[in-house]
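This report concerns only the one structure given below.
In this document, chain identifiers A, B, C, D, E and F correspond to the written order of the chains, with residue numbering beginning at 1 in each.
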C-alpha cells in the first residue's frame, strides 16, 4: 500500500445547536476538521495509508487534533507542533429556511505562519502515490502560497500524482488574488476539483453559450481548462440544488479524456451536517482514481460518499467503502435487524 | 425615533423535547414570551424604541422576564412588579404527524389581575407613535377587558396609531364573548390582524360566495370589515397550509385602500418552533407601516420574517431587518464562508 | 373487561443520537421494549387489561423492566424473575439517507433460556380473551419453540383468540428454520400478521401473476394462506415506501372473509423513531377486532396508530384511542390552544 | 399484607441545575412529589401495600403523576381526577455556601380545592392498618382542614393507626393558624413527627431549662406533648447540622414509652438532593412500627433511610429495606464487583 | 445615582465539563466575562448605574456580549464595535486534586488593538463617581498601556475616584514589565487591590520580618505601599487557602487609615466556579466604599460576596446586596419554603 | 524505546449519572476500559511504546475499542477481531453515602472465548521489555487460565519482565479457585500487586501479629510472599480509607529488597470516577521500575498518578509524567493563567 499525503489547516469548529443562533448560544459542540484533513480521514477510512502535513500549537487543542487524527489512523509524523494558536471558527448551523453562517476566527494560526523550511518534502513524498491540497491553504498567508507551490513542484519531481481542489472562500481572499495564485499552481496539478463559477470568475474563461444544456456548458468549461492546462487529467465537481438548508439534491460530475460522467441526482433530506460534504466527494474521487474504478462507478461512489456524509455530525466522512457501495447500489432502506 | 408600546401578558413557556410526550418528560425547556411581548422583541430587533406594558410577580421568574426583555433592549419602565404568579403553559412540541399541544396554567396570574389604575397611560403614550395589543389580553379577565378598551381609547386620544391582533384562543373564551368584547374595541383600531374565520365566526359577516377564489373571498371579508369599522386602515393575515407539524406553507395577505397584496407562497420545512410565528408576522407588518414600505415589499418582508422565525427555538424572532430582507430576496442559500 | 395476554422477550434498547454513528458515540439512550411487550403496552394504553408473560433477571435492569410495565398498567404477575441477563441491542438510529442499524447482544438472555415448566398456562389463560405472540419468540431458542407451540395450543384449548405476527428477523434464523417452525404454529392461529415476502419465502406460496396490481397480488397471497390454514380468520400487513430513513409512506392492509380492506396512504415525515411501528399496527388491529370495529374503520385506526408511533422516541405507542381516532379523522393540524 | 393509606398533595417540582440561579435558567428538571406521596412511595419500596389519596387534574401532568405512582406500585384507586391545575414549585438547588430556595406556585390546585365528599373514607380505610398525613395538607385550604380532621376521625373509628407529621411551612400559613388547626387534629393521632421548634412555637410548650443537654431538652418537650395528648404513642424527629448546603450531619430521635432512642450521628456529604429527606425518615419510622422493630434498630433504620435519600435526585427514596439495612450496618464502602 | 465606569476586556470563556480534560472534550460551555466587566455586572446587580468601556467585534459574538451586559443593566454606550476578533480562552475546570488550567486565545483581539482616540474620556467620566480598571488591561498591548494611563489621569482630572486591581497574570507579561507599567499608574490610584506577592515581586518592597504574624506582615506591606504612593487610600486583598480545587477557605483584608480590617475565615466547599471570585470581592469593596459602609462591615460584605460567587457558573456574581448580607449574617441555612 | 505488552479484556462500561439509580436511568455514558487496557493507556500516556493483546467482536463496538486505543497511541497489532460480543457492565456511580454498584454483563464475550492458538506470543514478546496481566484475565474462563500461564511462561523464556496484579473479583470466582490458579502463575512473576487480604485469603499466609503496626504487618506479609516466590522482586499495594464514595484517602506501598517504601497519605475529595484508580497506580509503579526511579520517588509518583485519575471520567489516566510530577511536588494549586 503506497502512501497518500494531504497538506492543509485543521481547525477547531465550534458549532451551535441547530435551533438557536450563535449570539443566543450557551454551549458549543467541538469538531476538528479542515478541507485537506477531511480528505485524509476519508481516505484512511477507505483503507489507505494517509499522512497529514500541518502545524498545530503545543497545547491541549493541539493534543486533541493529534488524538482525532490517530483515532482515524491518519499518520501524524509530519504534524509540526508549535506556534501560537489553533485556528477556529463558529458555525451557526442552518435548518429549514435559515442558512448556515460561519464566523471565522482563524487568523494568526500556527499553520498560517508555517514556514517553508519546517517541512522536509523529500521525506514527505518518499514512497508517496498521491498528494492532495486545496485552494484554502495558499489563501491563508504569503508563506503558504510559497509552501503550496513548493509542495506541488516537489510532488511532481518525485512522480507523485497531484490533486488540487479550488475551494474558493470569499471571506479569505479576492477572486483576483486567488486567480493569480492558482495560475502558478495549476501547471503542477493532475486532478482538479472546480466548478463553473471557478472557471468563469477565477480562470477567466468566456461564458458558455446560453443555449447549451447544463451538462454541455460544464463540458465546454472543462475542455477549456484542459486546453489551458493540458497536464490536468481529471476534473470533478458537483451540482447542488438547495431546497432548504435541510433538503438538497446532489449530482456528481467527473471529466476525463474529454468525456463527462455524471452520477444520478441524489435527494438529501434531513441534513445533519453539510460541512465536509465537498471533501467527502473529493476523497471519493481520489479513491476511485487510485483504485482505477471505471468512471461511471467512480462518480457514483464519490457522490454517494458525499451524500452519506450529510447524515453525521462533524466534518469527517465516517463510512467505509462497503457501506458507501451498498448505499450507492440499494439506496436508503430497511432497518437491518 | 418615536416610541412603540405593546401591552399584554408574558408567560413562562415550558416545552418538552420534540421526541417525547409531556406525560413522559423529565425536563422542560424554558422560554418567556407572549403575543404582545413577542411583537415588542421583534420590533426592538428591527431597531425601534419599544416599551412593554405588563405585570409580573416579584420573584425569580419576574426577574427572568425583566432580563429577557432588557437583553433585547425592550424598555421595562412600565413593567409593574407584584401579584401572585407568572402565568405559564406546557408545550408538547409537535413533529411530523403529531400536533403541538398546549396545556395552559395561566389562571390567577399577576397580569390577569392587573387593575386599570396600575398603569398611567398618559405617561405610557407620551411621545408614542404606535400601540399594539392582541385579543388574548381582554380574554384573560374582566379587568383586562376594561384595561384594553381604556388603553385603545387613550391611545387614540393621544394620536397614537393603534394595532389589534384578534388572536382568538378557544381555550380562553367563547366566540360569543370574544365578539362582544372585540366589537367595543374595534372602533379604536387602525391596523387589524384577522382572518376569514374571525370575520365569519367572531364578526358575524356572511359567508363569501362559494364560487369566489380564495383571494377574492378574503377581499370580500376585508371590505366588509372596513364597511363596519371605517377607522380600520390596514388588515392582514396569513394563509397557512399544514402538511405536517414539521412542514407548512405560508402566504401573507395585506389589505389597504381596498387593495389586497399577497406575498409569494413560502415553503417552511424542518420547523423548529412555530410558536410566535404569527407575532413575527404582525411585527413585520407594523415595521413596514411605520417605515412606509410599499405594500408589496411590506407583505413580503412580514411573511419572510414569520418564515425565519420558524427556524429558531423560543417565541422571539431573532432576525434583523437586513437578514430578513436578504432572505426575502435570495431565499435559502449556501453556507456563507 | 376480559384479560389479554402477550408472551415474548423485552430487551434493553441502547440507542445512539441520530447524528453520530455507534462507534463514535459516548452516550446511549435507554428504552425497554420488544415486539410482544410493545403490543401489551399499546393495548393497555387503549384501556385493556393486559398481562405480559416473560422472564427478566433479578438485577436493576429487571427492576427497570417491571417499573416500565407497571407505569403503563401492564400486569407483571407472570413476569418470572431469574436467569443471567437481560437481552439488549444497540440501535444506530438512521436519518435521511442513512439506514438504522441494529447490533444485537441478546444471546444467553434470561428469556431465551426460559423453560416450559416455568409458566403455568392454565393460570395465564384463565379468563383471557386474546393471546398474542410473534415469530421472534420461537426464533430465540429450542426451549422457546416448544413454549410458543405449547402456549398457542393451550390458548386454543381454553377458547382464547390467538394472534401471531411473523416478524421474521434474518439475523436470528434462516428462512428454512422459520418456515419449519411457523408451520407447526399456524394451525393454532386465528389472527395473523404477515406480508407478501413472508408468503413467498417462508410459506413457499407461488409468486403471484406479474400482471396483477399490488392489491390483487396481496389478495392472492392471503387467499392462499387461508386455503392452507383455514383456521386463520384475519390477516394484516402494511405497505411501506421508504423515501429516506426520515420520510416514509404507510398503508395498512386487512384481510377478512375473503375481502381486503385498505387504509389511505399516510405520509410520515420527520420520523423520530420507527422501531415499534409494526407493533403499534398489530395492537391497533387487535383492538379493532376485540372491539368489533367495522373493517374499514379498523384498518384506518391501526394504520393511524402506527403512523403516530413514529413521532415519539421509544418502542411504545403512547397514544390513546381518542387521540388516534382524532388523527385518523382530522390529520395533522393546528396547535391546540 | 394490610394496606397503608396516605393523603396529601403531589406537586410538580421544577428544579434548576445546581450551578445556576433560577432567573438564569433555561431548563428545568421535573419530579413529582409531596410529603405524603413520598412516604407512600418509600413504604411501597419497603414492600407494603400502599394507597395514595389525592386529586390531580385531567391533563398530561395528571397522567404523569399516575404513571409515577404506578411505576412505584402505589395504588391510585383513590386518586380523584379533575379540577384546574397541578400545584407546582420551582426549586433553586443550593450547593456549598448557597441555600436552596423554593418559589411556590401551588395555589388554586385541584387538590387544594378537593371537597370532603369527593373521598369515601369508609372505603379508603376498609382493611387499612395505617394512615399517614402531614401538616401541609390542612395548610392548603379550609376544605382541607376539614378533610384532614374528617380523615383522622374516620381512621380512628375504623381502628386504623394514625400518623401525623407537623411539616410546618412558613410560606403557607402562620404559626397561629397552624396551632389552631393542629390542636383539633392531635387528639386523633397515634404517631407524631415534630421537633423542638414545633413544641415551642406551635404547641406553646414552655422553653426547656437552659442547663439541660440537647437530648434532655427533647425528652422534656416530648414528655410534655404526651401529657397534652396521651393518645400519642410515638414521637420522632431529627437533629440536622448544616455545614453547607452540600454537607450536613443527621441524627434521628424516637420517643416511645417515655424513652428517647437516638441513632448515631451520620455524616452526609456531597448531597445530591435534600428534598424528601424528612419523608424518607418518616417512612422509615412507620415501617419500623408496622414491622415491630426494636426501637434502637428502628431509629437507626429510619435515619439511614433518610441519609441514603440525599444521594439520589427526586423526592422519592429509591432504596429497599435490605439496602438501607446494609448501609446502616456497614456504612459507605467499596465498589461491589 | 452617580455613574460608575469600568474599562477592560470582555472575553468569551469556553469551559469544559469538570469531569473531562480539554483535549478529550466534545463540547464547551460559553460565558462572557473579564475582570472589569465582572466588576461592572456585580455593581449593577448591587443597584449602581454602571458603564462598561471596551471594544468588541461586529459579529455574533460581539452581539452576544452586548446582550449579556444589557440583560444585567450595564450600559453599553461606550462599547465600541469593530476590529477583528473577540478574545477567548479555554478553561479546563479543576475539581478535587486537579487544578483549573487556562489556555489563552486572546491575542489580536479587538480590545487589545483599541486606540486611545477611540474613547472620549471627557464624555465617559462626565458625572461619574468611580472608575475601575485592572492590571490585565495594560498587559494586553502598548496601546492599552497608554490608554490605561490616560484613563486614570483623566479620571483624576475630573475628580472621579479611581480603583486599580493588580491582577498580575504571568501568562501575559513579566513581573518587570508589569512593575514598570504599574509604577506609572499608581500615582493616579485611590483604591488598590493587591497582595503580598505583588508588594514583593512587583513593587519591590523588602520582605517582611520572618517573625511577624501573617496579619502584621500584610500591615507592613500595605504601610510601605502607602509610603510609596500616599494617594492610595484603601488597599484590599484576600487570603485564600487551597485544600483542593473544590474546597478553599477565604478571608478578606481591607486596609485604610493605617488600620487592617479582616473578615472571618469563610469555608468554601463544593466550588462550582472560582473564576470571577476576585472580581466579586473587588466589587464588594467598591460598593462598600461608595456606600460608606463601616470598614468591618465592608470587608465582611465583600468577602461574603466572593464566597457566594463560587456557587454559580460563570464569571458574574449573581447576588443582590440583600442576599449577600443575609449570607454574611446567617451563613448557609435551611431550605426556604 | 522497547515495547511493553499488556493482555486482558476491554469492556464497554455503561455508567449512570451519579444522581440516579440504574433502574431509574434513561441514559448511559459509554467508556471502554479494563484493568490491563487501562495500564496500557496510562503507560502510553507516559511515553512508552505499548501493545495491547485482546479480542473484540467485528462490530461497531469492536471498532470503537480500536479507535479508543489508537487515539491513545496504544498499538492494536495483536487485537484479534471476531467472536460474539464485547463484554460490558453497568456502573451505578456512587456519591456521598451511596456506594458504586457494578452489574456485570460480560459472560460469553469474544475475549473470554479467546483460544491459546489465536495469539503468537513469540511475535508478541519479540523486543519486549515488560509484560503485564491481572488476575481478572484467568478468572474469565478455562481457556484464559491456560492462556495467562502460557503468556507468563513465554515472557520469562524471552527474558521479558513480568507484572501481575491480583485484582481479585468476588463476582467472578471463589477465593479457592483464584488461589489454585494464582499459585501456578506466581512462579513466573517479577512484579506483583497485591494487598493484605490477598496474602491471607488467597495465598493462605498466617495472620500477622495483632500488636504490629499497619506498616509492619504489611512488611510481614510481603516478606512471606517473597519467601514463597523468591522470583518476585517488587510488591505494591495501596491503603485506601473510605470516608464516603466521594471522599477517600490513599497511601501507596512499595516493597523491594526487603524494604517498604510509602507515599504520603493523599486526600481525595470530590471523586469524579474511582474506576481505574488501581490501574493508574499499577501503571505508575511499572513506569517507575522501567525508568529506574528511586523507590521513594517511584511510590509517590504512582500514588499521585492514582489520585489524579479520580478527577476525570472514564477508566483512563489522562495525565502526563510531567503533570503527575508537578502534582506530586506541589499539590493542588492555583488556577494557572
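In this text, a contact is a pair of C-beta atoms (placed from the backbone, for glycine too) under 8 Å apart; a residue touches a chain by one contact, two chains touch by 3 or more.
Remember, it's a predicted structure, so these values are computed and weren't measured experimentally.
Of all chains, the one whose mean C-alpha position sits at the greatest distance from that of subunit D is A. Interface residue usage between subunit C and subunit F, two copies of one sequence, is largely shared: over half of the residue numbers at the contact are used by both copies. In this assembly, the C-alpha centroid of subunit B lies 63 Å from the C-alpha centroid of subunit F.
Centroids of subunit E and subunit F (each the mean of its C-alpha atoms) stand 45 Å apart. Counting partner chains per residue, subunit D shows two or more touched chains at residues 21, 23-24, 26, 67, 101, 270. All chain pairs in contact, by the document's touch criterion: A-B, A-C, A-E, A-F, B-C, B-D, B-E, C-D, C-F, D-E, D-F, E-F. Only residues 18-21, 23-24, 89, 94-102, 104, 169-171, 242-247, 270, 274-275 of subunit F touch subunit D when the two sit together in their complex. Subunit E makes touch with subunit D in their complex at residues 266-273, 307-308, 310-314, 318, 327, 331-337. For subunit E in complex with subunit A, the touching residues are 14, 21-31, 59-61, 63-64, 67, 84-85, 88, 90, 92, 101, 103, 105, 107-108.
Those residues of subunit E whose C-beta lies close enough to touch subunit B in the complex are 67-68, 70-73.
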